[in-house]
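Down below are the structures I want you to see.
Consider the two complexes below, in which chain A is the common component and chain B and chain C are the respective partners.
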Partner chain A sequence: MTVDTGDVSVKTKNMSNLIYKYMRPEHLPQIWCPGCGNGIIMRDIAQAIENLGLSRNSTVIVSGIGCSARAAGYMDFNTIHTTHGRAIAFATGIKLANPSLEVIVVTGDGDISAIGGNHLIHAARRNIGLTVVVMNNNIYGMTGGQYSPTTPTGAFGTTAPYGNLDRSFDIAGLAYGAGASYAARGSAYHVQQTTTLIQEGIKHRGFSIIDVASICPTYYGRKNKKGSAVDMLKWQRDNSVTVDQAAKMSQEELKGKLVIGLLHQVNYPEFTYAYDQLIRRLFEEREENE
Partner chain B sequence: MKKVLMINQSWCKGCGICAAFCPKGALEIVDDKVQRKEGTECILCGQCELRCPDYAIYIDENEGDTDQWAKSY
Partner chain C sequence: MGKVVLMQGNEACVEGALVAGMRLFAGYPITPSTEIAEISAVRLPQEGGKFIQMEDEIASMACAIGGSVAGVKSMTATSGPGFSLKQENLGYAALAEIPLVVVDVQRMGPSTGMPTSPSQGDMMMARWGTHGDHPVIALCPSSVKETYDLIIRAFNLSERYRTPVLFMMDEIIGHLREGMELPELEEVEVIDRKTVKYPEPKRLPYHIKKGKLVPEMAPFGMGQRYNMTGLIHDESGFPTNSNEEAEKLIDRLMHKVSDNYADIVKCEQVGMDDADVAIFCYGGTMRAASSAMDEARKAGIKCGIFRPITIWPFPEKELLEAAKHVKRIIVAEHNYGQMVLEVERVVKDACRIDFLGRYNGTVITPDDLLAKIREEK
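This part shows the complex of A and B:
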């Protein structure tokens, strides 16, 4: 550890207060590749929790399988690392068992839109009060760069050596179409904006999804000649448009752009609240009958 | 309370994100590790801390010694 000034002062903790408070330092540094965007997004989540002042005991982090899912091991909350694609299913159980808990699902694009696609749309339809943060790197990084449902058409992967034929999923749009009451998109580059979006998503009562564009320099970047991690972050900086700007642009102009910001927010009854109301109503009816 | 720039080289993987987005060009990567560049000025803006995926660089509040000021570097 070095200090910026001439004389080196010795400190026992060699990390920022935020990391010291919300991460498990014995597991750091993470196994993620150099320049991986997941670390930036994990910090965004910790910062959002810090800004909201949530207690570590009443916050649950649930993750599935994949690069992104490692986050549950690094974050010092009540965490659970579940089976592939089923993070939302586990989170639904936790939320219903104790609705006062703040349940945050940290997941990847393949985990949530391919293997767990059904769980995503039905949790969104139910409007259950989970916050889902998607670390969307457009590829299956952990298993070696196979194309995922969010790999753009024509992009390359180890299983798409001549270019991907399928059209890509817009995860935020998919969840919003399925009934999610809060859908937003952030990016690894736009740290403060993404932190705010996650923060608002946690505060929102209902199913909130924040689709965060991550970067995968090792597989997606290398297969598609996107350059280094720095080049990929610069791409995000130069090709992002806000929702307000996007409203003024034509479809042609929006091609290849990343629309970031709050895409959609409505309010309708949250599932655990509606469930509680149902139980109360039935109890009252039974008492009246007796 | 004075702020100082802290670097934890054992966590640094040398991706170069901090150096690329430093508005003052005050960081450089040498042998896959980040370090302060000689003769440059750090304004303690914290852009490096926001984007470091490995939490290896950060701004810390340093109590006491007022001489420990990044600009003196």
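This part shows the complex of A and C:
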């Protein structure tokens, strides 16, 4: 089956399988507004998990507070909907207690880069094996459209009635700067690419972040005259450049563009692995001394 | 007889916690609780457990909750300013019913206050610090030995009732060094949470068995997939807007503690059989009270001590009974007047209540108490 939405053509033949395998159908439909990008990104996560063949029982979804956070309740894994901004800190405890679990944090731009910014940079620095998927819609949606740390300068929100004076965060860049060993950017439009980026992020041993440009037609879109959901997805299609293309472009040319792809990956010992090594070393030393 | 050791209160806190089964500690440096983090960092990996220094107090609290959700007994420790920061997630743990122990080695406040000076200024924050109605269990040790024994009890209560337990130390006890006898490990009672033994796909995660108040817990990863949330939820673990369900949940959470008053509430009464005047004290103030009582008795004044070991829930039954048999209760605490409010609430006009508070960073001395005891009116 193919759904035609203008020239945006998305193959959905696996959709129902993913829903019944990885979602909790009794809790659907989700509460997100019509046209919200979060559902697409949630599907990308499910598809990445399907592609990797992860066990639902040993996968944990941790979320914070906000529109993004509702994803945890819809997904049929070990799920925990925590407090605002603290998803990564809760996830750190879960991973530390049981490193064999695959721990995925689903969060939003306000959750991760405003109230939770401290946890993001330190988890990145620590290189603990979490996969963080950011549903980045440039606005606080749940509370009705206030500007967030990723709202562009000059854009409007209910708390930026004269245009946002702040500069916006590049979340993937922030995490990379803080030491994340895997940082990527996807978009709601780029389903295949984003799924692959999430998949590789889960496979990566260490802290990985996939900053996914979502769309919020209800608040961000209306406040900023961005048109319909389809218009907003088309914008993502028409204004995205790959990492390789971006490398050949000037700063001027890159203005207003969405750079999609793997931004950074490096191998560095994962925190819980390093801690297990430490425990092993102490036990061995004790045995030698006895 | 067990081995006799010289130990600091903060050290006893860690050693006792290890005996209770703590295998994860998440913390952040803060005076006067820092030794708890330092000693945990040394001791936990030796026992196969894990220590992590988080980026802040909020994260430490969240991390400890996460550890417990994954099935590992977890603890965090802090002092006043950090205890303020932990409050939101404390409410989360109470609502989502996550066992863990939170240690507060109290120092003088408010704000940064006097970081190295003793205080008992967080007693009401322990009860009311997080928003909304929630159950609280808080314990208060008054010696190094008691710190060791009581932290084990703190873990046991948190595991039995699936609720965070607050361990309200103070700078005096945290930094005190005393000789103490270690218990024989086989004699120590260690309680583990009731867990789901094998996955049952249809099981509701917050299902309450008939006649029970505490749901069995399934550690993440054991195969029982479910949802946990800080939203008001029903037995399914999913959010609900039902007012009936909300009331049912809050009632059950409160009853978990109030219906088990006899198991949870402990207090010590010394010389109360014939006492005319009772000193009400807890934690660090107990030490001055003991000396003052001895001196008072030498001077022919029948003095006794009433000391809550469990401070929340407040030992109101025992206190009211005690108040009926004395003429005066002197409430001695290192704050401007916190637990005295509870004493007044409970005792009412059963006897006279005097207050001796200290909120300048120094401690109440035996002489201060003796002077108060000798006050006629």
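Simple rule for what comes next: the second predicted complex is superposed on the first by the 275 of 290 C-alpha atoms of A that agree within 3 Å, B and C clash if a C-alpha of one lies under 4 Å from a C-alpha of the other, contacts with A are read in each partner's own complex, and residues count from 1 in each chain.
Everything below uses one rule, namely that contacts are C-beta pairs under 8 Å (C-beta built on N, C-alpha and C of every residue); 3 or more make two chains touch, one makes a residue touch a chain.
A quick note: this is a predicted structure, and the numbers were derived from the prediction, not measured.
*Asks:* What is the contact status of A:Met249 with respect to chain B (first) and chain C (second): first, second, both, or neither?
*Replies:* The answer is neither, since A:Met249 touches no partner chain.
*Asks:* Does the superposition put A:Trp32 against chain B (first), chain C (second), both, or neither?
*Replies:* So A:Trp32 only meets chain B here.
*Asks:* Kindly classify A:Ala91 by the partners it touches after superposition: chain B alone (first), chain C alone (second), both, or neither?
*Replies:* Touch partner of A:Ala91: chain C, not chain B.
*Asks:* In the overlaid three-chain picture, which partner chain does A:Ala274 touch, first (chain B) or second (chain C), both, or neither?
*Replies:* A:Ala274 contacts neither chain B nor chain C.
*Asks:* Can you list the residues on chain A that touch chain B in the complex?
*Replies:* The touching residues are 1-7, 9, 11, 14-17, 19, 23, 28-30, 32-40, 43, 188-189, 191-192, 217, 228-230, 233-234.
*Asks:* For chain A, which residues are in contact with chain C within the complex?
*Replies:* Touching chain C: residues 27, 56-58, 60, 62, 72-73, 76-83, 86, 89-98, 100-101, 118-119, 121-122, 275, 278-279, 282-283, 286 of chain A.
*Asks:* For the complex, give me every residue of chain C touching chain A.
*Replies:* By the definition above, chain C touches chain A via 23-24, 26, 45-46, 48, 50, 52, 54-56, 58-72, 74, 88-89, 92, 199, 219-223, 225-231, 238-239.
*Asks:* Show which residues of chain B lie in contact with chain A when the two form their complex.
*Replies:* Within the complex, chain B contacts chain A at residues 4-11, 13-17, 20-21, 35-36, 42, 49-56, 58-60, 62, 65, 67-70, 72-73.
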